[in-house]
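Take a look at these structures.
Shared chain: chain A. Partners: chain B in the first complex, chain C in the second.
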Partner chain A sequence: MSQYWPFIVIGLFTGSIYGLAAMGVVLTYKTVGVFNFAYGAIAMFCAFTYWQLHDSWGLSAWVAMPILFLVVAPLLGVALEALYRPLAGLSAEVLIVVSVGVLAALGAVVPIIYGKQDRTLQPIFPTSTFALGSHFHVGYDQLGTLVISLAVAALLWALLRHTRFGTSTRAAVDNPDLADMVGVHGDNVRRSAWILSTMFAALVGILISPTQGLDVNQLVLVVIYAFAPAVFGRLVSLPLAYIGALVLGVVVSLLSKYANSGTVANVEAALPYLALFALLVIMGGRLKEAGASSRRLSVSTRSGGGSGGAGAVRARHWAVGVLGWRLRLERKLTVGLVGFALALFIPLAVPGPRLIDITFAVVYALIALTLVVLTGWAGQISLAQFAFVGVGAFTAGHLSGSHGQHFLLAAVVAMAFAAPLGILVGLPSLRLSGLYLALATLAFALIMDNVVFNRGDVSGGLTGITVPRPKIFGLSFTGRASLYELALVVLGVVAVAAYAIRLGPIGRRLQIVRDSPLAASTLGVNLTVTKLVVFAVCGMVAALGGTFYGALQQAVTPFDFMWSTSLTLLLLVVLGGRSLISGALIAGAVYGVEQLPIPASVNQYFPLAIALGVIALAQEPEGTVALARREARRVMSVLRPLPRRSVGGGHQIPVTAGPDVAIAAGRSPMRSGHGL
Partner chain B sequence: MASETGWEGPVLRAADVTMRFGGLVALDDVSLEVPAGRIVGLIGPNGAGKTTMFNVLTGLQVPTRGRIDYLGDNISRWPPHRRGRAGIARTFQRLALFSRLSVHDNLVASWESSHPGAVLGRNRAKRIERVAEVMGLLDLWPVADRMAGELSTGKGRMVELGRALCTDPRVLLLDEPGSGLDAIETAAFSAVLQAVVSDGGDRHPEVAPPAVLMVEHDMALVMDVCSSLTVLDFGRVIARGTPSQVRADANVRAAYLGDASAV
Partner chain C sequence: MRRDSRNQGVTRRAGLVVALVVAIAATACGARVAAYEPSTPATGGSSAQAGGVTATTGLSGAGGVGSGGGTVGGATGSGVAGSGGAGQGSRGSTGPATASPVSPTSTGFDFSPHAEAAACPGTAGNGASDVGVTASQLTFGNVSGLTGPLTGSFSQGAQGVQALFSAVNAAGGICGRKLALNAEDDKQNASTNASDVADLIPKVLAFVGSTSDADNGGVPGMTQANVPDIGFAINCDRSESPVYWSPAGGSCNQPQGASGPYYVSNGIFTLAKQGGYLPTKMAFLSYAIAISAQAAEQFEYVYKAMGGTVCYSDFAVSPATASLESDVVAMQQAGCNGSFDTMDVTGNAKLLQAMQQLSYRPPYVAATFDAYTPDMITKAGQSAAQGLIVGLPFVPLAESQPMVQLYQQQLATYEPGTQPSGFGFLAWEAAQMLMYALIQSGHSPTRASIVKILNSLHDWTGGGALGGYTPSSHGVYLCDVDVTVKGSSFVRKAPGSGIYCGGQAAKASS
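Here is the complex of A and B:
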């Protein structure tokens, strides 16, 4: 037994930190209805701030701590509350997108403020040990962390249980309107929750950084360990979340006793994510989203209304029905095809190495398109889409042959791998939606990252594997231009197919499964088949994109497909416009621009700008496209010639921008949402 | 389908259905029948279990105990979509429109959902004909291009009815079709409903008009259209019979208390 004790103590030590994080996550979820994907990023930001105050500027801990906990953390909490307040009651999709945006923004802002050099944070407790029993030593830092964590957890529990804040919180959660009427100030309660949660994050940050390293990505990732315990407490129970975290910490630690290398080590590292995925699948239908019943649509559905008499409308619908989508798609398809034709000539204009960057943009657009279909059209949020790209790239690396002569075979095999994986990641969607589905896909991405891509025989380990340029039917695509043209043609074919599908019966089916799954099922739609097919097909096309991604890069490592790449993909797609094919093209273009050799001093602002753009546009399914369209209309309405003035009509109402803009905006996004 | 083989019994039959949620008994040994060509009412105070009964009949909830027969087949284990395809259609008390599709596309999507192969583009001509027919019957052409999500409740209920009709149902389950409707809309709805039941609202003699089971609080509407009523209270059947019999029933008056004057 005695040989287990050290591992149990280490497990309790880390588990108690995750417990604090889990409580912080639960606290804002149950009071505000926001699941904070950015929790780790907040902890990370606070840890860097503390490092700056204490280690860099040399302030004593007695000064730095109060500044962190009483000034920085509360300010951050207040800022977050202000950010989320206008989003109250919006769809899970919007809230997820915003919190992923916050994650990315904090991740981008820290290197800008604090620089990129390596650093370590000194533990706040002495690291010396004392003997407990005969063989076994405990560090003061471990003991101190455990004691602080328990004390703070107990304090929060008592606060919610025995004070007015607790009852107010419960009232504000159960029925915000009624609570307001009886004098509970919902805003105060929510602000307090955000502040408390952020203070917890600060504590987590400074407790965990000394052992996990003061590193942006590492800290963001580590706090995801807290998500499984939070789900274990059904995102509402603080004690269950805390206890779950302790148990998880101990189990992971005990496993590490046996796992030094190989598969077991990978599984050990991925255990929290496996636990998260399993918990979500098992708890399934019993998980309820906070405030789901009172959700409103993120976009108000306004439209210009019908034009023409009922007879004309009827005739037009008859025509559209008979001719199918051919009638409707003409104009947009023309624009698309002209654009495609012009794009074919890009190699003439940009012959140099920059053509590779443009090809990256094309391939990325293809990958982004799968997320548009999956999330924007079918309403299934995925934080794992780039994992399929990895599947494609590594498969291409293994099977393409030394000169890429088997590229086609590799692409087919990659898609064959991706299909069952797509079904696997889609399985939770049968019983979960919105937030819980997003969490399950995130767990899937982390599992792929840690268990599959980290294997040497899959990815070649840290050094990666090489991927040859493709050779198809004897045609070699080794040259930049030929590879570009190939990728462009594939993108064009997939985009046109997606567009045709969107306008036809399958597009309608995706839409109705998204709008009202229950109603769709009672009308005869098999939800299981529909969702799984969408996940599988989108995964397959993403894997196809992955084969190109690999061939383009010529060498791929597990880092290229880390879990966070899927988040980046989501952010770029949201920015471009998640309900539009052109949104995917914009996502690709933005990605391509990021690849350009821009000086780091400028380039470091790029991710921040993207994150802020996403936060601003989270509610807009057409993203930048909608923004551009709106601005264009606004400008056009000002530039329009004045109406001819009637003689002597001095009191004629002038044409102002107002009504025009209203009408322009009134063309609701979804009406014009057949996108290209 | 059994209908083509000359099934003569009730279209839809629930036998001894019990539904428990933990300690709460939402339905307690409820049985009811919907005969062909009839409009049957399911009434009772709020929380009596009416919507739960609809969910059980359409397969959205699996009952703790009991059996559902449809055209003589035991469908207790059928998933919702199979029941929908077989001809059981419903509307929802809280509107469940496809809010980001146009009214017309709501009906088109419904037809495509319920007809095999339609999602791959088969039978387009039939679809156009049937959807146009239902649009006309329910007077939906004036709002054909409007987004369903922006309609008034009254129009929304019409779209839900139209959506249900586009599945060519043999039985139509209407969950409070009259709530949120003003007097004129209610009268129009009542007229449409009777037209639907008399000739199916279409010109296909081979398609039998649907039977109807409806939950409704508007007693005037219920008395107007229903040929028989089943009354639920706290999950139990407390009365059944013709509207006039139910109106006279002492149990029903007691259950409704303040509502008694309305019955």
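Here is the complex of A and C:
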């Protein structure tokens, strides 16, 4: 037994680091109601700032720390509060998107501010050791981290449990309207909570960075590692989260004694993610989202418009009758067909290698379309969609490349593999929604990344896998133009099918599942079947996209399908418009632009611009499409002639009714400038 | 991380990039070959002054295979020889640069820009002999990972080439033609690499010095167009490509195709064995990332084949792990007296810190090429990093070998602010090999003529900074220099001077 003690002790020290990160996540969720995917990035930003103050400018810790904790962190907290204030009560989907956007923005801005080099942050505590027993040595920095994390955990617990501030924060998160009625000033409380959360992130950053390395990624990874213990504490219990982290640290430490290669080793590396997935599935119904009781309808259901309308607007849609529906359908089909026809001629205009970039954009749009259906239409947020793309690409590589099978067969088999995986990802959706479903899908992506794709026999290891260009029924699609045309046709077919589904009974079923699962059940919609089928089908189409992705690239490695690529996909789809097919096309176009040889000096701002765009448009289901529409209407309203004075000398009242009413009256909404 | 036989670093295409969105990234392992800051020239029997002054280098390499040195600016090149092989140390000329190359081994070839310009003077006969060639200019392509998750790792490749081009242009160019480099950023993304390569193929005579962890992307395009690609490959697809030539091999060797076994040089172990510091019980560690784990497995395979005992292995280290102390305790309990890992600088730092924390330090702790950076020492802490061994495929940059000095001199002059680095030096050496081929091609260079010259090279030493290598062989590069951390810098550990080339291409997988 004595041989295990060192592993247990080490596990406790390591676990205390995860515990700090887990408590940070829980603290934010508990006090402001936001599950902050960007928590690690905030800690990283603060750590870089401390490095600038202390290590670069040479300020003493007695000066640098007050500046960090009393100036920088509070300012960042105030900024975050201002960012999230308009989002209070909105759907988990919106908050997740903004959170990932902040993560992306901070990841982009830190290299711009502080440079791209890795840094080394001086430890706060001495790294010398003392003996514990006859052979075991413990560092003062480890002990310091353990003691501080314990002390802070106790302090925060007492603060939130036994002070008016704690009561106020809980009230403001759980039911802000009620809190206001009893005299709790929600904005002030939330601002204070954000400041407290950010100060804690700063503490996490400067405590962990010296041993983890100060770079853009490391703290983000450590915090994600700590998601499982945070969920163990049901995102509300600091002590439970801390205990969960200690257990995780000890188990991982003990497993390393038996570490080896192969599947077991992969499982060991993925243990925190397996634990996260398992916890979410097991705890399912007992997990409660903060503020759910007072949450307004999701923005996606209240902003309406276009094909993503909701509530009363949607009711009008259904009521306007066949005439308006057909008019709109015909107009959109016409626009789509014209666009498709024009796109077919792109190889003539761009015959060179940039056609490959455009083809990538087409394939990416195909993949993005699955997220539109899944998240925008069915309301099932997924952070794992690129895992299915990987399944498709690697399957195509094995079958079509290594074994010389027909590309079509490879595509079909890839889709067949993806279907049960889609159902597997969909299973948590039967018990989870919103944030917890997002976390479950994130865990799935991480598991696929660590356990499946990193296996040499799956992904080819060092060399990756070669995926040949398709040859179908004697037709070769190895050329740029032919491959582009094929991908475009596939995208067109899938988009038309999706559009038809959207307008049909299945589309309405998806909408009602998204807007009100309870109502869906009441109306006889089988939620289980609907959710699982939509996950499976979207996974299959994403896998189909993966076969093309692989064939385009001709060689794929696990890096192409890392879990982070799914976050990128989500951000681009949100940017484009997550409730619109055109949103997927815009996502593909942005991806295509990113492939262009942009000068590095400009390129560094590209991710930041996208992240800021996502944050700005997170509330808008139609993304840039809605933005463009608004701007177009604004311009049109400026250009519109002034209304004529009526005979009676009065003014006609400008029409404020929505476009649907105009359509119902048989007029174009753009031309309906006068009264009904 | 490393994907290769040679400790070549590679990559961490890390992660969480929210790819275009950000390099948030993640998982991966990898390389982080950041800038190398040369320290005080190490002792090792070498002394030299680039630029026309005498340079001498000690010529004893125990068991090594000697390879020729070159001449820089009239300076005597550093001969590299070993008692076990046929040394070809060049006793290069002094005084004015010689005009023309004398041997396809690089021996006697004068790498100074003035000599290279003088080797093919005048513009008579210049014409548009091939793609990227005009009467006054030669255009070359470079596709590197200038931006991406591994910030700063690969940009030095293009900068090294550009520095050489600028120096040669300042001296008059090759055959009166200026050299132009058309560099594109693949953002460390294979698909972008493919489209960048495709974009450049109709514009350039050849590719030179491309450095990216996504360099597999453009291989099909270059192969189909039969465009020479001279550089240092990171991915296997590129290093096995028929249009690829390198002065230092590639990062991976799979001569029997994708389904065949890998081969790596066992030089790092045989060198240690000769030096008496190869451990008998070694631990192997890697990230839980395919390319990192597979590289570690290959080295483990080779070590076992040499009769070593693997006391512990962990190929599942998560980049997110907070500490490697449990691994170190396991190594301690297993009685390991050495460790070898294929992690990046951060992983190495965690390992070294854990060893220091637990007051357990095996006499042999080795890491791959990625660790050859000052960041390694600062990140681990100077005391923890002491004694770390890193294998290099070239003469340490801190030494006075004329070619490494010339590289750093040109970089300082024409690309100020750029730190010398391993990847940068290898790209620069590739560009020097291209200079040789261009000069030999005369006034009418074509892709075919360059290929012909490159195919004729054998035992190329890049002026003595590299071990002898035959680019057309696409074989395993067998040469190695071990450096170790001493104080605040890396110093040579073995061989005493020159480069050890006594390794063998060892089968590294079943």
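Heads up, the rule we're going with is that the second predicted complex is superposed on the first by the 588 of 676 C-alpha atoms of A that agree within 3 Å, B and C clash if a C-alpha of one lies under 4 Å from a C-alpha of the other, contacts with A are read in each partner's own complex, and residues count from 1 in each chain.
The working rule: a residue touches a chain if its C-beta (ideal position, glycine included) is under 8 Å from a C-beta of that chain, and two chains touch if they have at least 3 such contacts.
Source: prediction; values computed, not measured.
Of the two partner chains placed around the shared chain by superposition, chain C is the only one that A:594 touches, whereas chain B remains out of contact. By the touch criterion defined above, A:221 lies against chain C but remains apart from chain B after alignment on the C-alpha atoms of chain A. By the document's definition of touching, of the two partners only chain C reaches A:100; chain B does not. Contacts of A:460 after superposition: chain C is touched, whereas chain B is not reached. Contact with chain B, but none with chain C, is seen for A:518 once the two complexes are overlaid on the shared chain.
Touch criterion met: A:269 reaches chain C, while chain B stays clear of it. If you count the residues of chain A touched by chain B and by chain C, you find the higher number for C. Of the two partner chains placed around the shared chain by superposition, chain C is the only one that A:360 touches, whereas chain B remains out of contact. Touched by chain B in one complex and by chain C in the other is not one residue of chain A.
Taken together, the chain A residues at the contact with chain C in this complex read 3, 6-7, 10-11, 13-14, 17-18, 41, 100, 103-105, 107-108, 111, 116-118, 120, 127, 129, 135-139, 142, 208, 211-213, 215-218, 220-222, 224-225, 249, 252-254, 256-257, 259-261, 264-266, 268-270, 272, 352-354, 356-357, 360, 402, 449-450, 453-456, 459-464, 466, 552-560, 562-565, 567-568, 571-572, 590-591, 594-595, 597-600, 603-604, 606-608, 610-611. Those residues of chain A that touch chain B in the complex are listed here as 297, 301-303, 305-307, 310-311, 313-314, 317-318, 321-322, 324, 504-506, 508-509, 511-512, 514-516, 518-527, 668, 670-671, 673. Chain contact summary for the complex, chain B toward chain A: residues 58-60, 79-85, 88-90, 92, 96-101, 104-105, 108-110, 112-115, 118-121, 124-125, 127-128, 131-132, 135, 141-147, 149-150, 163-164, 167.
On the chain C side of its complex with chain A, the touching residues are 3-4, 13-28, 32, 34-35, 146-147, 149, 151-152, 155, 184-185, 187, 189-192, 194-199, 201-202, 216-217, 219-221, 235-237, 252, 254, 258-259, 262, 288-291, 293-295, 297, 312-323, 325-327, 329-330, 332-333, 345-346, 349-350, 353, 356-359, 375, 378-379, 381.
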